[in-house]
């Protein structure tokens, strides 16, 4: 069955009662102020159709979803062996910002989707790009077809004000020789990427290359190779949902990436890209209603990679 | 493209030079004696075709591959909430027999495919079956269509002689209230399951239900529901390859389960079940040449869940 | 100033209000039944004087205090290098029954006073003594001058019924090659040692050799050398109070050993041996009022090793 | 027996063959250049006598020995409860610069003598002193009676160039709310304290208050109270030698503090302060020949707190 706006609206109605059972991210004031009852979903098919329901056109802070975009950019700039000796490909089995594992494993983060790994990716972008922050923004604008896309400066500044743990992570990696640039500028870029403000529709369009063998459905241009696209999906499936990747695979059955802003993207390879948004999070830091919406969608349209 | 015996033979030729670069499991003498140059592969399609190359008909110790079978049996005996409060669904991010995480997480193993998780499954089977060891053997015989299937008693006894770490795991879980029966009989059953002796062909047939929405291709009978089949595949994809699940997903792109006997099964949902065997292991404990063979097969026949 | 029975009685009066603020050990029923308001103290001087107050003549379960006795016996049976390659001499920095550190440090316990270390000592005694349980009892009888001393069989049996964590510890050490005998008999001996029932007076007499250069004040016989006596005191000072050794040194300033039965022994080298008993424990597992009583005694009589 | 210069010279002769079996600290170039064959010892008695042998008058980088001085200064500025809720009093059971324990224990360092604890102390000094770096230097000059005492600017700068791990520690504590000032200025002060250049004679004089109930033997002025002096000695005995405190207590039997510059101070309460220097370190980071010299001295003069 194909997704329709009726199906999407039904799903949102079914998950809406979950609102109130999760917890909006509050580690920075800018995120804590987002109304907890926002709820939106967008599907972007490989044919270019956009199907939506709820607050699908309203921008929110994409947070860690940006890690999939940054990785894509890094895979364009580095050879695989250059990239993968700096960061691993394995699930972490721990909270997303733990230093314990990072110390035990000598400063090599487990994967590019935990904070440590994304900070290494930001360090890699810093080393090869003259203006990495601007470049990432242009990349996002181009892929989403939304030329007005901006960083939310208030969110970025708020993150920077609460960056102690991420600074600890970066300095620890530098102590192990796995960080090449100055810490603060790299963190600042990293936080700007997290502070990209995008809607479900924009997100689904931006990541359409992951459902389409590396070719952006929106632009028709190759972003990465088909093989790289599969590789990113594999990493998303095993590591994309913090310490809830197994549960997400079990329930939803699609590669995905979540952010503490309450957004999640999910990929049906060969068919469509999905983005959902509901700010309240479960204990793993993934959108509570968003995850459930994706689980229902997978059931209704009968899609799963498994 | 469909797999043919020529393709499979070509792949085995291509991976054979890897033999000598891995290490045969030697923690028990019975495994250490297996010749390191054994190499076999079998594909069992959902249409019932068997395609093979190399030592595909020779039996070997399936070891941890049995954990997928035991889980299937337990999912038949227990309601989901009964089962999943005893064991988690998340990758461990650690070596397969670590006690550190188990203590930190209060005796609840991360997933059913690490040792601790499989021992909990064995404890669950013990509680609900009058003769769990015999029942598992019959289950394996029925699904593989091989009535002569036996436990390798020498391997099982050798495991039992070297069971201290697994006994420590079981006693620790019992200290946390997550183990209900006597330790030694449960371990003995667990080791017997690991000591099932099967060939690639038999393995591919036995697990065909995972590629066929829960229905055994060989018997035509439902083993589990289609949803349960997806769930097991999801767990295999995120947790099935010890601490190498991410790398396996990245390179091979199929749900799989490995054993230290050098076997790996891999699933192409909706199409086929694959089993490969080469005794030498990589540092994560997965068959070195076997993983490479699956990677090549995925490329040649153009299959991946991603 | 010398300790007098008046000083001791005053101190007990001063600490009595603490009763109700700690928690009687309840991991086995036999310990949980001990009245929480028991309170006693005994001083045994190197001149052979006995000074007491409160319930100093009533027997209680000495629990981990026995670890100092077992170590003394083992130091009589083994050369230093034989002994100290099986167990370390460093504080653990962790709860007394943690497996995490034991796994990280390859089955070598940090010191003889955490459970793992005491279990290794029990394994060593088992290897060199034909009847280790009887031998330890005779050793305790001889040193305390109390021929009627017995193991509390109810406590020992209750410990054995709740031995899962200690069994896990023993099996893990065996997996690392640091345990030579069968697990259960050794644990049984270990639990019997913990179940020695002794009064404060008997304890102070038994350990008088630690205050008297290795010579038992009661028997006048050398138990260990003067150097060994200093070594045991050094280990008690750094490792004798579980994860509260630093606090105890800071407040009391004497080598000591506590047990979850609420007893503590403390040594003033060259002068006296002290034993105190109050069943309620602080969060580290040390007697709450007992520690405070020792702190006050150290202040009143002006004794400290620092 | 009293220490004499002959006894000290004999001891140095006896330990000299150990030179070559340890390893000079090389994590910063400035330390790596120190000749490995330097060897000196000084005893400063509570009567004001100075007894020396070898290179006892040559200055070296005192490194972590400064942590005992900084703690003394902080104990003058803060009430006990203000101080000890920021840092613990327990041995760490881990390498001196580990972040693992710090994260598990929510940013509260185990004791003031591991790096994290000393950095908290530096943060406390920063909060209450207008010029903490100058104040500490004056404190050291006054106590040692050496008005020319200086920070080795080359060492301090070299430390600052290799400060990534310590920056990670400070940022992690700040993330847990246990660090109040800007990270880099505090680290800079901390490194300057480590870079104090002092001889064995100067060190023994500076710390004489720890052997003399808080009163500086050199100046006759109280530095801290007698109780505080005992408390610092207690912390030195349990935590002063990194992860070798138990071994040091077992062999030497005196409270002590070591530095990776190869210096160690040791206290005989009521009698004397000792300082020894030999740059090569054992695997725990303590001076190899220095520890052995103190062990021999303790035997020859028959002193031990145990």
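We just call them A, B, C and D in the order they show up, numbering each chain from 1.
Criterion: a contact is a pair of C-beta atoms (placed from the backbone, for glycine too) under 8 Å apart; a residue touches a chain by one contact, two chains touch by 3 or more.
What you see is a predicted model; the values in this text were computed from it and never measured.
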Q: Using mean Cα positions as chain centres, tell me which chain lies farthest from chain C.
A: A
Q.
Averaging over Cα atoms per chain, report the distance between chain A and chain D in Å.
A. 48
Q) Which integer distance in Å separates the CA centroid of chain B from that of chain D? A) 55
Q. Cα centroid separation between chain A and chain B, in whole Å?
A. 32
Q | Interchain contacts (touch definition) - all pairs | A | A-B, A-D, B-C, C-D
Q: Using the touch rule from the top, collect the residues of chain A that touch chain D in their complex.
A: 98-100, 103-104, 164-165, 167-172, 174-175, 183
(Q) Quick check on the complex: what are the chain A residues that touch chain B? (A) 88-94, 101, 110-111, 229-231, 233-235, 237-239, 243-247, 249-250, 253, 255, 269, 304-306
